[in-house]
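Heads up: the structure comes next, in C-alpha cells.
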Amino acid sequence: MNVTVSRKAHFNAAHKLYNSDWTDARNAVVFGKCSNPNFHGHNYELIVSVKGSVHPETGFVMDMKELKKMINAEIIDAFDHKNLNEEVPEFKKLNPTAENIAVVIWNKLRLKIAINLALTITLYETPRNFVTYTGE
Amino acid sequence: MNVTVSRKAHFNAAHKLYNSDWTDARNAVVFGKCSNPNFHGHNYELIVSVKGSVHPETGFVMDMKELKKMINAEIIDAFDHKNLNEEVPEFKKLNPTAENIAVVIWNKLRLKIAINLALTITLYETPRNFVTYTGE
Amino acid sequence: MNVTVSRKAHFNAAHKLYNSDWTDARNAVVFGKCSNPNFHGHNYELIVSVKGSVHPETGFVMDMKELKKMINAEIIDAFDHKNLNEEVPEFKKLNPTAENIAVVIWNKLRLKIAINLALTITLYETPRNFVTYTGE
Amino acid sequence: MNVTVSRKAHFNAAHKLYNSDWTDARNAVVFGKCSNPNFHGHNYELIVSVKGSVHPETGFVMDMKELKKMINAEIIDAFDHKNLNEEVPEFKKLNPTAENIAVVIWNKLRLKIAINLALTITLYETPRNFVTYTGE
Amino acid sequence: MNVTVSRKAHFNAAHKLYNSDWTDARNAVVFGKCSNPNFHGHNYELIVSVKGSVHPETGFVMDMKELKKMINAEIIDAFDHKNLNEEVPEFKKLNPTAENIAVVIWNKLRLKIAINLALTITLYETPRNFVTYTGE
Amino acid sequence: MNVTVSRKAHFNAAHKLYNSDWTDARNAVVFGKCSNPNFHGHNYELIVSVKGSVHPETGFVMDMKELKKMINAEIIDAFDHKNLNEEVPEFKKLNPTAENIAVVIWNKLRLKIAINLALTITLYETPRNFVTYTGE
C-alpha cells in the first residue's frame, strides 16, 4: 500500500522577476510589472507531498510532525519574511519564478527525506497561479 | 526539469443536461432536476495546467500572462454569461455535462498551446463536484 | 448572552438581470452581459445567521438541525436548479439581483424563525461578489 | 476519452492514534498528543475520484447522484459522528491514521464501483494535512 | 480611527452534546447523533477580533504577535487535541455547543486583552456551521 | 431596504514595517522580522463593502461593474506589484501596517463613492490576519 501524505505550509516574501544577464529594458519587456526593481511580494502557500508505503506499526508513511519540523527548518526559516533575490543564496543568480522556487524547495527537501519516498512540491504564488514539481 | 504551471479562471453560465436523441421523459428520468427545460446555472471554476521544461533564461514553462490571455480569448469570451446549450456551438448536440465541457475546453486550448507542453483541464461545476481531463 | 449562529447552504440557479418595464435595449445598456435573454447562472452560497440568547438547558440559540431543515424547505426546494426569472414567483416582476434575492430570502425565513431572534442573510453570487441584508 | 470525476463529502469523528500492541507509554512517545486516551477529533473532508470513459449517451463517467448515494451509504453513515477507534469495526485493531482511514475507504468503495473505473481517495484530516490513495 | 484586527487559529477536539441534568434518552432525543456517548470531534477554526484605535507610532491596534501568543497560551494549549467534556474544566457541567465554547473563549480572552479594546469571537465548528459572540 | 454589497479584489505588494522616527534597532525590536530592511511581501485580499438602499428600478445598491472599475482605478493600479514603502506616496511617512493600509484605502474610496452609501474596508494581509475599517 503506497499512500501520499501532504502537508501545507506558508511563507511571505518579496521578489522581482529578473534575469541578471539581460538589460533592465529587456527584463521590463519580458517580465512586465513583475520586474519592478523595487520588488513586490506574495503569500506563498506550499504543499509538500511524500509518497511511500504505510508502516504497519505506526500507520504512517512518515511522521507528519517530523515533516512539519523539516519544512520549517529547511524552507520557512530560509524564505519567510525575506527578499528572495537579495537574501536567499539560491536566487542570487537564479530568477525566482514560481517554477524555480519550487525546484529549489524540491532540491533542498530531497536531501532530507528518506530516499525510498517520492517527493512532490506544489507552490501557490497567488490563489490563481500555482506550480507543481516532481523531480522529473 | 519539467514543471506544471496552473492558472485558475472563472465563468458563469446557464445549462441543462439534455440528450436531444431522447424524449423529455427519458431526460427527466436520467438527469433529474438537472434536466429542467428552463435551465439552471453554475459558477464554473477552471484550472488550466501546462507541463513542460523550465526555460533557462526566463525561468518560465510558459508566460502566465500569455496563458491568461489565451484562456480569456478562447474560453471565457466564449462561455461566460452564456447559455451553454443555446449559445455555444459545441453543445448544440453535445450534452454540457462537466465531463463534456472539460473535453471541449481541452480541445480548444490544445490547438493554441505549444505541442511540446502537456495540457490538463480541471473544471469545478460546484464546490463539491469537479472533473479532470488530460487528453488520454 | 446573545450569540449569532450561522448555517451555510447552497443552490444553483439560472437568471438574467431584467427590468420588465424597460425595453430590451435599455436592459442591455444597464445590465450588460448579465441581461443575456438566454440566461446565465450561478452557484449561490447562502449564509443564514440567527442571533439570540443561549438557552441554558440546551446551550443552543436555535437547533441547527431545525435551521437546516427550514432553509431546505423554504429556500433550497424553491430555488435550487431553477430559473429564477421564469420559475420562482417572487421574481416574475422583481429583478433577481443578488440584493433582491437576499431580501426575498430574508422575507421568507423571517416568517418562520422565532420573532425574538434577529435574522441576517448573506448571499454569495460569485466568490467575488456578495450581499448582506439584516431587515433594516 | 477518459475523464476523472470527483465528489467531495464530509464527516466528523473522534479518534486517537494508538497501536494496541504497544504500551501506553510507547504510544505517547510515538504519537504525542494525538494518542490522548480521551480522544480528540476532526472534520474529515473526503474527495472520491473515479476515472473512466465518458458514456456517449449521457456524457457521464458515472452518475454523480449515484456516487453521492454510495458515499453516503458506505462511508458517511458508517463514520460520521462516530468514535473511529471504538465504533468502526475496521479500526478495532487498525490505527486510524489518515493513511489507514483512506485505505479503508478505498477498500469499501472499490467493492461498489464498477471495476472498469479507477478509484482514488483523498482525505483531509485538517486543512493542512491530507493523504491520497490510488490502490497501488 | 478605530480598526478591527482579526487573527485565525485552529484546534482539534472531541466532544459530545450532553446535558448532565437530563437522562441519556432525553439527550439522544434533543441532540441526536451529536450526543453519541463515545464522542465525535471537529477541527475548530477560531477567529479572534479586537477593535480599538490605531496607535500613531506603531500603526497597530495591537501587536498580532502578542495576540497569537495569547491565543496559544489561553485557548490552543487548553483545548487542542483534548476531549472538551472530559478534560476542559469549563465544560465539566456546561454543554460544549459551539455557542458555549465561543462564550468560554471570550471570557478567557477578555481577562487578558486590554479593556479599551472590544473583543469578538467567531468559531467554526464545521465549514458550514459557525457562531459569533461579542460579549453582549 | 438597506443592503450591503461587497466586492473582492486582489493585489500583490512588498513592504516592511518601519517607523522612520525610530532607530533601526528600535524598529527591529518592535516589528521583528516584519522590519526586514530588504522587504517582504503579501498577496493582499481586499473586500470593499458598500451599504445603501436598493434602487427600485435596477435592484442594485450600486452597479458592481462600476465598483470594480473604481477599485481598479483607485487601488489596484496604485498598489499592485508595488513596494508600498518606496512607491506609494501615502506610505512615505506612514507605516504600512494592515491597519494603516485599510485606512488609506477607505480614505481614497470614500472620495469616489456616493456620500449616501456607507463604506467598509476589509483587508487580508495573510489568510490568518485581517483588518476591518468602517470610518469610525
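Note that the chains are named A, B, C, D, E and F in the order they appear, and that numbering of residues resets to 1 at the start of each chain.
Throughout what follows, a residue touches a chain if its C-beta (ideal position, glycine included) is under 8 Å from a C-beta of that chain, and two chains touch if they have at least 3 such contacts.
Treat the numbers as computed from the prediction; the structure is a model and nothing was measured.
Where subunit B touches subunit C, over half of the residue numbers in use are shared by the two copies, so each contributes mostly the same positions.
Centroid analysis (C-alpha atoms only) places D farthest from subunit F. Between A-F and E-F, more C-beta contact pairs join the chains of A-F. When you average the Cα atoms of each chain and compare centres, the chain farthest from subunit C turns out to be A. We define each chain's centre as the mean of its Cα atoms; on that basis subunit C and subunit E are separated by 29 Å. Put simply, the C-alpha centre of subunit B and that of subunit E have 41 angstrom between them. Our note on geometry: subunit A versus subunit E, Cα centroid distance of 34 Å, whole angstroms. Within subunit F, residues 127 each touch two or more of the remaining chains. Of all possible chain pairs, the ones that touch are A-B, A-D, A-F, B-C, B-D, C-E, C-F, D-E, E-F.
Taken in their complex, subunit E has these residues touching subunit C: 17, 19, 21-22, 30, 32, 94-100, 102-103, 127-134, 136. On the subunit C side of its complex with subunit B, the touching residues are 10, 12-15, 33-34, 36, 38-43, 45, 80-83, 86-87, 126-127.
The touching residues of subunit B, when paired with subunit A in their complex, are 1-9, 49, 54, 57-61, 63-65.
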